[in-house]
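After the structure tokens below, expect a handful of questions from me.
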Amino acid sequence: MNTEILKIGQREFHSRLLVGTGKYKDLEETRLATEASGAEIVTVAIRRSNIGQNADEPNLLEAIPPDRYTILPNTAGCYTAEDAVRTCRLARELLDGHNLVKLEVLGDEKTLFPDITATLEATELLIKDGFEIMVYTNDDPIIAKRLEEMGCVAVMPLAAPIGSGLGIRNPYNILEIVDNASVPIIVDAGVGTASDAAVAMELGCDGVLMNTAIAAARNPVLMASAMKKGIEAGREAFLAGRMPRKRYASASSPIDGSFF
Amino acid sequence: MNITLNGEAFECNNDTTIQSLVEQQKLVGKRIAIEVNLEVVPRSQYNTCQLQEGDKVEIVHASGGG
Amino acid sequence: MNTEILKIGQREFHSRLLVGTGKYKDLEETRLATEASGAEIVTVAIRRSNIGQNADEPNLLEAIPPDRYTILPNTAGCYTAEDAVRTCRLARELLDGHNLVKLEVLGDEKTLFPDITATLEATELLIKDGFEIMVYTNDDPIIAKRLEEMGCVAVMPLAAPIGSGLGIRNPYNILEIVDNASVPIIVDAGVGTASDAAVAMELGCDGVLMNTAIAAARNPVLMASAMKKGIEAGREAFLAGRMPRKRYASASSPIDGSFF
Amino acid sequence: MNITLNGEAFECNNDTTIQSLVEQQKLVGKRIAIEVNLEVVPRSQYNTCQLQEGDKVEIVHASGGG
Amino acid sequence: MNTEILKIGQREFHSRLLVGTGKYKDLEETRLATEASGAEIVTVAIRRSNIGQNADEPNLLEAIPPDRYTILPNTAGCYTAEDAVRTCRLARELLDGHNLVKLEVLGDEKTLFPDITATLEATELLIKDGFEIMVYTNDDPIIAKRLEEMGCVAVMPLAAPIGSGLGIRNPYNILEIVDNASVPIIVDAGVGTASDAAVAMELGCDGVLMNTAIAAARNPVLMASAMKKGIEAGREAFLAGRMPRKRYASASSPIDGSFF
Amino acid sequence: MNTEILKIGQREFHSRLLVGTGKYKDLEETRLATEASGAEIVTVAIRRSNIGQNADEPNLLEAIPPDRYTILPNTAGCYTAEDAVRTCRLARELLDGHNLVKLEVLGDEKTLFPDITATLEATELLIKDGFEIMVYTNDDPIIAKRLEEMGCVAVMPLAAPIGSGLGIRNPYNILEIVDNASVPIIVDAGVGTASDAAVAMELGCDGVLMNTAIAAARNPVLMASAMKKGIEAGREAFLAGRMPRKRYASASSPIDGSFF
Amino acid sequence: MNITLNGEAFECNNDTTIQSLVEQQKLVGKRIAIEVNLEVVPRSQYNTCQLQEGDKVEIVHASGGG
Amino acid sequence: MNITLNGEAFECNNDTTIQSLVEQQKLVGKRIAIEVNLEVVPRSQYNTCQLQEGDKVEIVHASGGG
């Protein structure tokens, strides 16, 4: 598998598992889980620095060094296109001109579903401003295609609400999105366990982005390893071409040569 | 002179630049980005960017998120 | 993971994927897929030798040498306890006294479901005769417990009809069986793709036995690798302890420190 | 003498043993097992086991199955 | 629909909903819910009469009079064939020779799954003794066929554990049982709401027996009515022949004649 | 149940099943199926009259008279806001000022998913123009709320692609939409059989609109009756409050008083 | 004389019949069935069925169940 | 004079009104609606609405749809 490439914009990756850095006990756990996941793309949030206090607190980017990982700043928590654009510009400055971002503009705090119209608006502004956008969206195939046509480098439909761990709620929609896509489709949010990740890949997705499923497991580092294998298992199964489902049984052992 | 720094009222000398603010906050060399009145200030302009009364300054960094 | 042991009777194994050898294009494909699966236990059928013709035809046990794999002769195709017992005795002779067998006594040709009463009868006879039995059964928790109490070294409920590839039809029953078991529970039959195997392991099963899902894939060798990873992913996820499912969303990035 | 070998009528000399049958079938050294009239014949008895008129003999081997 | 007949043994019924009488607040609620359900066959348990106390307590059979309903005594709570047989004989005496019984022999208290071997044993004894048996069983198609062949007048596979309300856990098995059956197949246990009942009927079942789903609803009488309609809806849908499922959309309105 | 009212705008209805008139063999079948469904609201398409030929062909509105049914003209087949607006204005003229319309603006021909941005645009124009809009949308809770806030009198999320018969693909989203709504939520499209309709109602939807599931059944008139009952069953079950689902069994018959 | 009635020790006269037991328990005309020592006693035999020391008697009725 | 009627080229007299067109098409009393150049023409104006060269006319009715 490791010879297979995932291409996002001009960047090339071997891992199809993208991970977040939220909800961990501490930076050491973040570091170990990220390492165990084999992820090459790691999302981070942009937040205010603490003023006039522990200026020496450990920094996330020391645990997840940008020279080793492709940092994917997100616009988590933004409810307007304007806030999302501000966040992306600060992130680009923070990362010395790195222009790959994860755009999410949320619709409400209960579902954390995207606000599709604000997302389309922010997409237009950011593309004009030279960003490469990996965009969080719902699982509507029409919207997914629109975002691709606007120039997003990856489209990231949700599998289920962020942090719900409910798995792929609507495989038909994901399948539809994958079938129509010419950019990578990466399931973002909703995966709960390794088999969910495998299912996403078996549907033909190009990757999966997750955070809570790893960070909120009883043993995050072991779950990170499980997810790594689940993604690879699902990808290989997709490429291998699964057997057809049949309503009826069919023997694995031959009838011929029975002596009874 | 009074400005707003990361959402809080903040007092500083009239000749404060972004650079001096960063030094004072012991953030030199840290991975941060700075916005004044909703516009990003490139690192190259920290020295020359003079703060004005009432400026809204945001100093941000990367933190854990997904 | 490789330090974790699966113990069946007195035998110890590292792999939790058991594979069959039916339905392959040829012995070379059998050999390569078996190797790629990482399986240590491999099932074989017992059939009549061809009389007076190509006596030099290649032999399965050269492709799957008993000194390298634990051969698990099965009673596939048997519809009576008597035929199953005869088959096991011939297998033991064939394998120089090797007494580990997979018992299946079938109920009809359409469903290939076990005939439970005949299976209980054969189990009793074979245990008296000194066999170690890994027994194919339905997903009834009461029957599974009975078979364990009779002395089977592993209980192997079906996930779905043999060769159907429908996956775990009834996770509740499998979970119930696992919760009550003191011997290894190995899902036998019905798995169709890597995520199915992962689901079985996430339910707490000790292993999965499959054949068609690998042999009938478009690329059997790649699917064998996918299954290997799917089993490991599911096992690790089970051990890591998945996050709880929630109906509502929960943000991965902190609200604190938002500057917008 | 007539026996049934793997389900087919089969003719052989009156003094045929399992061993001679195996040799004749070029199965020497092959991984096989043999049953006569529903009873397994251990390899150690191939030489001594004399076949009788009407015996039902099964010679089996391992083949692909799941 | 009301012209369609459900024939159990020589008895004929118009309703395909069978109800139990357990878990109700009082006999009045039992009476009203039973009436609302439209059921013609009603199950009852056989229990010890209270000795030396309130001999005048209201009697279930006054609320559910045998001249109006077909009473179906069950062997609920029996864990051995012998207890089940004793219960059936007492029931027959109690009901003046009425020989229709619901046989259930349980395997354990946690799952309330049937003990299949004891169930087969009791079936044989009761049929010799002239009973007409409606038998509770698991969803194993082989066992279901065996019970039919032994002479049961109806076979009643569980949909899910008694009182769980989980719905049809394994539609494939139920479908298999229905396809092979020459006696009525009545789903017994596990239904939780009206759509579950409809699903059972759409699979081709001849009826559904339920108790908890009605008695444990917030409003049992209204739920009884919902179940009546759910059963009829499912039966009619089965007879009407549903549209085929399609992965892709197909317009309901014509394209021809579009003026835009 | 018949006392319960469904209020759409100022209009009141007793039936919660809305039906389309497409895909029937002939107008007589349309008439009979519509009657059997008990529907009060019936959708129709607006199409070009045939010029210079059979001017005497039977007219749909004779089979489905507007004085007996509430006619709901739809914008089926429209891919732009402009076409949808034109269609609604013609429909209003056709129906003597009747201003209730079903708005659908489609995104592509393969999925028949709505084009959400064009739908929002058309909604704004039509509300300015005094229409009462029942709007077809995807199952995104944010979009559903937006359409309600814009003034739609009913929001109609799809259950699955139009004409697919796949049933409620994503109950969580429908539930989310229902929980947040202050106008009727009517599942539009995707229902395949009676139990699907019941499920939609059990989720708390106010109604279901369908066409293919009835018209493409082997016996449309009987299926129409099945759907009527399925809708009522699901509604009553929702109001009755279903029993909680439990993983474990719970006996329907008392343990006390056992004599064995 | 001592018997077991519905699982409880129970004392009664030596000449007690099922009929007299039923009357004494005020169960006359009730829908019940009776078992003595695991055998059902038909209603027709209540008068003639004489109880013996140590008999195990069960009196049952229909109750709510599913 | 040439107009487009329901997408087809159509020839009619210069003094044609919507009303005369409807009569000619035997659509009097039918449930229809009419659009000329993308604007709906109310039934009340059929008599007065004079068609012009090149007008695009659509005559529509309700048909089966869902």
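Order of writing sets the chain letters: A, B, C, D, E, F, G and H. Residues in each chain are counted from 1.
In the analysis below, a residue touches a chain if its C-beta (ideal position, glycine included) is under 8 Å from a C-beta of that chain, and two chains touch if they have at least 3 such contacts.
In this text, all values refer to a predicted model and were calculated from it rather than measured experimentally.
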Required steps from subunit C to subunit H (each step between touching chains, minimum): 2
Chain whose average C-alpha position is farthest from subunit C's own: H
Between subunit G and subunit E, distance of the C-alpha-averaged centres to the nearest whole Å: 32
Geometric centre distance via CA averages, subunit H-subunit B, whole Å: 69
Whole-Å separation of chain centres (CA-atom averages), subunit C against subunit F: 47
Subunit C and subunit E, separation of their C-alpha mean positions in angstrom: 35
Two or more partner chains touched - positions in subunit A: 20, 22-23, 45-48, 74, 76, 86, 111, 113, 161, 166, 172, 211-212, 215, 247, 252-254, 257, 259
Subunit H, residues touching no fewer than two other chains: 6-7, 35, 58, 60, 63-66
Residues of subunit F defined as touching subunit A within the complex: 107-108, 111, 113-117, 120, 138, 140-143, 145-146, 160-161, 166, 169-170, 172-173, 176
Interfacial residue positions of subunit C with respect to subunit B in the complex: 252-254, 257, 259
Subunit E contact footprint on subunit F (complex, rising order): 1, 20, 22-23, 45-48, 74, 76-78, 80, 82-83, 86-87, 110-113, 161-166, 192-195, 197-199, 202, 211-213, 215-220, 222-223, 225-230, 232-237, 239-260
Partner subunit D, residues of subunit C touching it in the complex: 19-24, 27, 30, 43-49, 51-52, 55-56, 59-61, 71, 73-74, 76, 86, 89-95, 209-212, 215
Interfacial residue positions of subunit G with respect to subunit E in the complex: 5-8, 10, 25-27, 30-35, 38, 40-43, 58-66
